[in-house]
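These notes open a run of structures that come right after.
Each of the next two complexes has chain A plus one other chain: chain B in the first, chain C in the second.
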Partner chain A sequence: MIKLFKRRTRIAMQQVKKKKAPFTYKAYSKKPKHKWLKKRNAQERRFKRAGFIAILIAFLFLASLVWNVFSNGYSAFTEAQIRLPITFQADLVEERAYRKIVQNSLLEIFPNVKDRKEKRALFSLASRNAPHLLKELIETNPELIGNKEYIWIPTSSAVSIFYKQRLYEQAKRGGKITPSQTSWITELARSKNMQLKFNTAFFKNGDSREAEQAGVRASTIGSFLTILVCIAMAFPLGVATAVYLEEFAPKNWFTDFIEININNLAAVPAIIFGLLGLSIYLNMFGLPRSSSLVGGMILALLILPVIVIATRNALQAVPPSIRNAAAALGATPTQVVFHHTLIYALPGIMTGVILSISRAFGETAPLLMIGMVAFIADVPKTLTDPATTLPVQVYLWANNPELGFVEKTAAAIMILLIFMILINLLAIYIRRRFEIKW
Partner chain B sequence: MIFTSINITNNSAYSGVPNRPCPMDINHFGVTKTFSQIPAVFKTAFFVPKNRINNIKPIHNFKPKENIMKKTLLSLTAIMALALPLQAEAGEHIQIVGSSTVYQFITVVAEEFGNSTNYKTPIVESTGTGGGFKLFCAGLGDSYPDISNASRTIKNSEEELCAKNGVKDITEIKIGFDGIVLANSKKAGRYELSKDQIFLALAKQVPVDGKLVDNPHQNWSDVDASLPNVRIEVYGPPTTSGTRDAFVELVMEPSCKDLPEFKAAYPDKNIRKKMCHLLREDGRYIEAGENDNLIVQKLQSNPRALGIFGFSFLDQSVDIVQGSIIAGKEPTFENISKGSYSISRSLYVYVKNAHVGKTSGLQEFITELVSNEAAGEYGYLSDKGLIPLPKNELKTMQDRASALQK
Partner chain C sequence: MIVASVFSETMRFFSHVPLLDFFFGTEWSPQTAIRADQAGSSGTFGAVPVFMGTFLVTLIAMAVAAPLGLYAAIFLSVYASAGFKAWAKPTLEILAGVPSVVYGYFAVITVAPILRAGGEMIGLSIASESALTAGTVMGIMITPYVMSLSEDVISSVPKALSFGSLAMGATQSETIKKVVLPAALPGIVSALLLGISRGVGETMVVVMAAGLAANLTFNPLESVTTATVQIVTLLVGDHEFDSDKTLAAFALGFSLFFTTLILNIVALIIVKRYRELYD
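For the complex of A and B:
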């Protein structure tokens, strides 16, 4: 018995050894037997190569975009500060002349500056918002009045960029930074009275016309308030519409008509929804202009058709056997939907909703019509407060003439991209974690 | 045979997902927790691919799972309900719309105002002068702007629109001047141009040998032999821009309207004016959008080209671009404020008198706007490139602002 088995295996092994090399594409492409075969193989290779090049080009575009944003924007996360001997003279604090205090301390370091024009150049070393920082400092620490303190003060953005990027060569050719300012900065840097610090203002502040004080806090909060309203409105409405159309509505010309309309709405340009919002929400309902409430409601209209389509697809993917089984056990149609169909469709619905929210997150066009594309410095606290969103902030900063806003724009784009990636990762996670394959 | 063909210990092989405890599989039977604890004999009998198990719900242990849905819906409606009672307080924010040129300056004042007073920071929208008046004149009340910025004076048609909607009392306040510059990259030489040369280079139609023809000039040297032999390429604002309006009015019109060829071709004054305002469309004048920064960037990458934009942008990019000398004068702060640089225009804000006292802080904001510290000769607006008014004119404007308080 064992002998027989051994012999059989030996024969089998021999057969395997004798077998010709299996058919491979490579073998044919090396030694073509026929002309037509050669042509076919060349065609295959060409197509492969074209596909590879297409991917390569797409990747290059992406890489250059990321590189461009990163190389412009990384410097925005640091800011230059100078250490000034600030004397809080009681009379000046009384008069709230904090600007004077800053100017006095600059003159204390560089007492030789006499010319009026030179003085202006000297005073512009410190941030124009420095007096407001001092004011806040005094309000929280009133015991400082009458004392002399060394305080790190942010510089103006032109000085900050000059210091960060070492633009001494450019300064020689004439630029924003004058030769005397260059010498002062060199002096301050040599005496260790100048430092680079992590730019907390960028995360703590709202919009500002001084680049060194401009931050993304107001626009990020505005974005989240807007998206909150958007979800609160679009999710229940969209899911309810889809459930009704898919599970309850009779199939007739009217529901077909609605279906076609929903599919068309998904392709309507965003600006149209802005006009719709302007005429309905603002002019008819009288809701407050520039508020995140109205912005969210408009974005909800924008993503509603997308949510309806995604939900319907998710519901269609649930096999009819589930519905039949539930019905067979005596569930009413509503029970079938809410106990079974909708539960199984939920992961698909959530994925669709999250992806459409990431679209809403990046929209600016519809917000233009309702006044959200505006200079709004205060951080919004309620839904009716004036607010901007992150992409709007990017757009506004890109329009500002000051050099300092170039890096701020890129940095804001980086923040926006990070949020986008997080939202998309969430969608991928939900799909992977909860998806049911039938 | 069956045992060997089905690999039970690795249940993930059937569901296609990583091996992890499934939240609702066997638990419903109330027997065991995971697959590996079930004796092998039972496994075959009970085994169904995991995703099927999800569907098995013993009736005695049935827990309706729509709770999740209910919770989500409930919390979302709660958020909605929370949002509704928050009505905006009347006239809390000053709303400003209008010219994108004035936006650069009035936002600085708005920020300063928000920082130094207890009033909220005004909201400034950059809609363009025309778009601003359209919103401004739409009516009185909280939902309409309090102030409109303009890089020109209000038109009759706009005043009529205002009056039709009940906006009758408007105060005009001039805040300063803005120069329009023709600039190019510092990598190339500085241009010296006259208005006539600019007209001949950029107009849609120019007179050649007593006849009006479509502009034939290809290079600057075709316009005038003294100019360099460089292709004409000018980036500038589109027709919707106030800067473009001012440019054609201040540069093209004076050189064009008295030319005998134009007079002969367009005897009607208004039509002639319109024809004079046309810029060439053969790719030599390139509309670069409302974003002046974009023009500066294009000049940096294309040293042969010239760009048309506001002085404040030149002022912020002096290390990249240089302003051409026009009619013998360089576009500098001093030349524009003296009035010797010829392409400059006034900037205005328009205030609704009826809103004064209703929108909190409106009169204080206007006072701040025309104060010596802001719009004065050494005010902070001049740091941003605004050319200040002469002293006596600023005094007039300050009087107008204080008159608003009554």
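For the complex of A and C:
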């Protein structure tokens, strides 16, 4: 026994003498002793790396999406203009031959162009809308007739893109811009007769067949009208349904059935709502096709279940002590709900409603069904006018193969996203500002 | 109301076209006759190619979304620091809030050319409107949805379970694979089912990126069509309401509605039945 003890002490003393490093987890994990441990740790690292890569890829998608839209779209906010010496000859104005006026002034700068084909190429530098602009100018300033004036005229979208993106190299290999057009543009740019300006047409105009004249005004207003109808219908209906189900309805199989249905409706694909709108609103009630009224009513159906669910959650979050206190003071059940519960639940309800509106704002598919894809250049004035909305406009432009529309599409997406971000920020603000923590 | 309206139109369609032809026919060429004696004047409504196309695109989408979403969810709930998670999750949820038109644009402008160039490099010709493009972009679209749902599920697995496993000497990944995931499985399955039901009902991405020709094919590089695309192409524009063509759209819509409904109900049942097993 003593012998054993002595031996142990000796071993312990030897170890102290060797000054063996104290045991730490770090040292242990740094060099695993066993093969299987090494394998397990490698597995662990692989797994963690896989997770990280997944997150990274998701971020990459987000970044490339945003980058893509912005890099394609930012250029649509500017347009190239050329300064032309325009002579408003009285006889031409009389004949309303504004196109001739523009052509004459282009020939005045480049008098050497004689060939028919070359002339046509020269005339296509200016936007096809230029004569129309001159007409408006004359109508507001009749004193210009007979005078010569230097005026900035928008260029056609091909020229605009060429100038903005400096596609000189590409033009040499052949493209939309001919070599002679390239030389004219270079000449204009050198003599400071070409400039980039903020593209006001994009915000002032409706849709157009000409890319340089197409704008988002009509579709933005259409969007707002549609959302207005949508709110006017979905908000009272949704909140009333939720209040009834949550506060007043008896608990029986019928309310259970309604509840299940509402939950399922929230997950029905949007396009089904389009079918519904088509067959009920248009076919049965005969409401006007492609109007923002019908669009809003369809979107209202779409977000109704979402609003009901959000409102019920908000109502459930109000503690029973509030209700009990109100009831104890003699309030009728109706007064309890409308004076107390609903008021306290309002911030939650508003957040839910606003978030569902942001969903409705970006919705396209059901609106295609009821014909809101028609080409509409005019700004809708009433609810029954044919209208289109921003996302539908994006869809229409994205289908247009012309190069000028690519940047317009991206720019319209930017505006759409900006609106959606604003709506979401509003929801966050309301939640932060008014939310009551129980 | 939805059921009633879509169902009644569907019934009218099936009074024109036999039920079996619709569900098992392999030819889809809906057209109304211009002349009475035209060949194939009545149009054929075999919806198999349409359903197959839907299935194929959704399959590709889930092949992208399921691993990405799950791994991202695991990383966020287990490995990521609280600070990283606090900003990463809402940022990725932005992806879920982006309107689907934007994804369609993204598919046409960016993803399709990249895939085509990539295909050329390895000697494959990819149609500019292919199931692969539509599926990939749809997968990107569903990823944050799957991620967010399964992250909630994984986080709600009681900590005691994973602590127990860790205390036994299991590594973090072993704990996740052998303890946390089995516990969270019903929730994850239902998250995937909801993702599928979203993919089946998604319209804009496929309308813009998948094409119109109803090919009966499993080749993801070719152009396919889906139920939602067919509904849109059949119904956009002015039509009379009782032609076979518009009624076919309602029949497709009804099948679509039914499919997503079943998927959602199954997902709900799975969650309900297994939810409180570990509490």
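Operating definition for what follows: the second predicted complex is superposed on the first by the 384 of 438 C-alpha atoms of A that agree within 3 Å, B and C clash if a C-alpha of one lies under 4 Å from a C-alpha of the other, contacts with A are read in each partner's own complex, and residues count from 1 in each chain.
Quick note on the criterion: a contact is a pair of C-beta atoms (placed from the backbone, for glycine too) under 8 Å apart; a residue touches a chain by one contact, two chains touch by 3 or more.
For clarity, every value in this text was computed on a predicted model and none was experimentally measured.
In the superposed model, A:Leu293 makes contact with chain B only, not with chain C.
In the superposed model, A:Gly371 lies in contact with both chain B and chain C. With both structures placed on the common chain, the touch criterion links A:Asn72 to chain C but leaves chain B unconnected. Residue contacts after overlaying the shared chain place A:Leu342 against chain B, while chain C stays out of touching range.
Of the two partner chains, neither chain B nor chain C is touched by A:Ser180.
When the shared chain is aligned, no partner comes close enough to touch A:Gln195: not chain B, not chain C.
In the superposition on chain A, A:Gln89 contacts neither chain B nor chain C.
After overlaying the two complexes on the shared chain, residue contacts for A:Gln43 are found with chain C alone; chain B is out of touch.
With both structures placed on the common chain, the touch criterion links A:Leu403 to chain B but leaves chain C unconnected. Within chain A, the residues touched by chain B in the first complex and by chain C in the second are 289, 371, 373, 398-399. Taken together, the chain A residues at the contact with chain B in this complex read 120, 124, 128-129, 132, 170, 173-176, 208-210, 228-229, 231-233, 235-236, 282, 286, 288-291, 293, 322, 325, 329, 338-339, 342-343, 346, 371, 373-378, 382-386, 398-403, 436-438.
The touching residues of chain A, counted against chain C in their complex, run 40-41, 43-44, 46-48, 50-55, 57-59, 61-62, 64-65, 68-69, 72, 263-265, 267-276, 278-280, 283, 289, 358-359, 361-365, 368-369, 371, 373, 391-392, 394-395, 398-399, 406, 409-410, 413, 416-417, 420, 424. The residues of chain C lying in touch with chain A in their complex are 1-2, 5-6, 9, 67-72, 74-76, 78-80, 88, 91-92, 94-95, 97-106, 108-110, 140, 143-144, 147, 171-174, 176-177, 194, 197-198, 200-204, 207-208, 228, 231-232, 235-238, 241, 249-250, 253, 256-257, 260-261, 264-265, 268.
By the touch criterion stated above, chain B contacts chain A in their complex at residues 15-16, 51, 54-55, 59, 64-66, 68-69, 72-73, 76-77, 79-80, 83, 86-88, 93, 95, 100, 103-104, 107-108, 110-111, 114-116, 120-121, 123-126, 142-143, 186, 290-293, 312-313, 315-319, 378, 380, 383-385.
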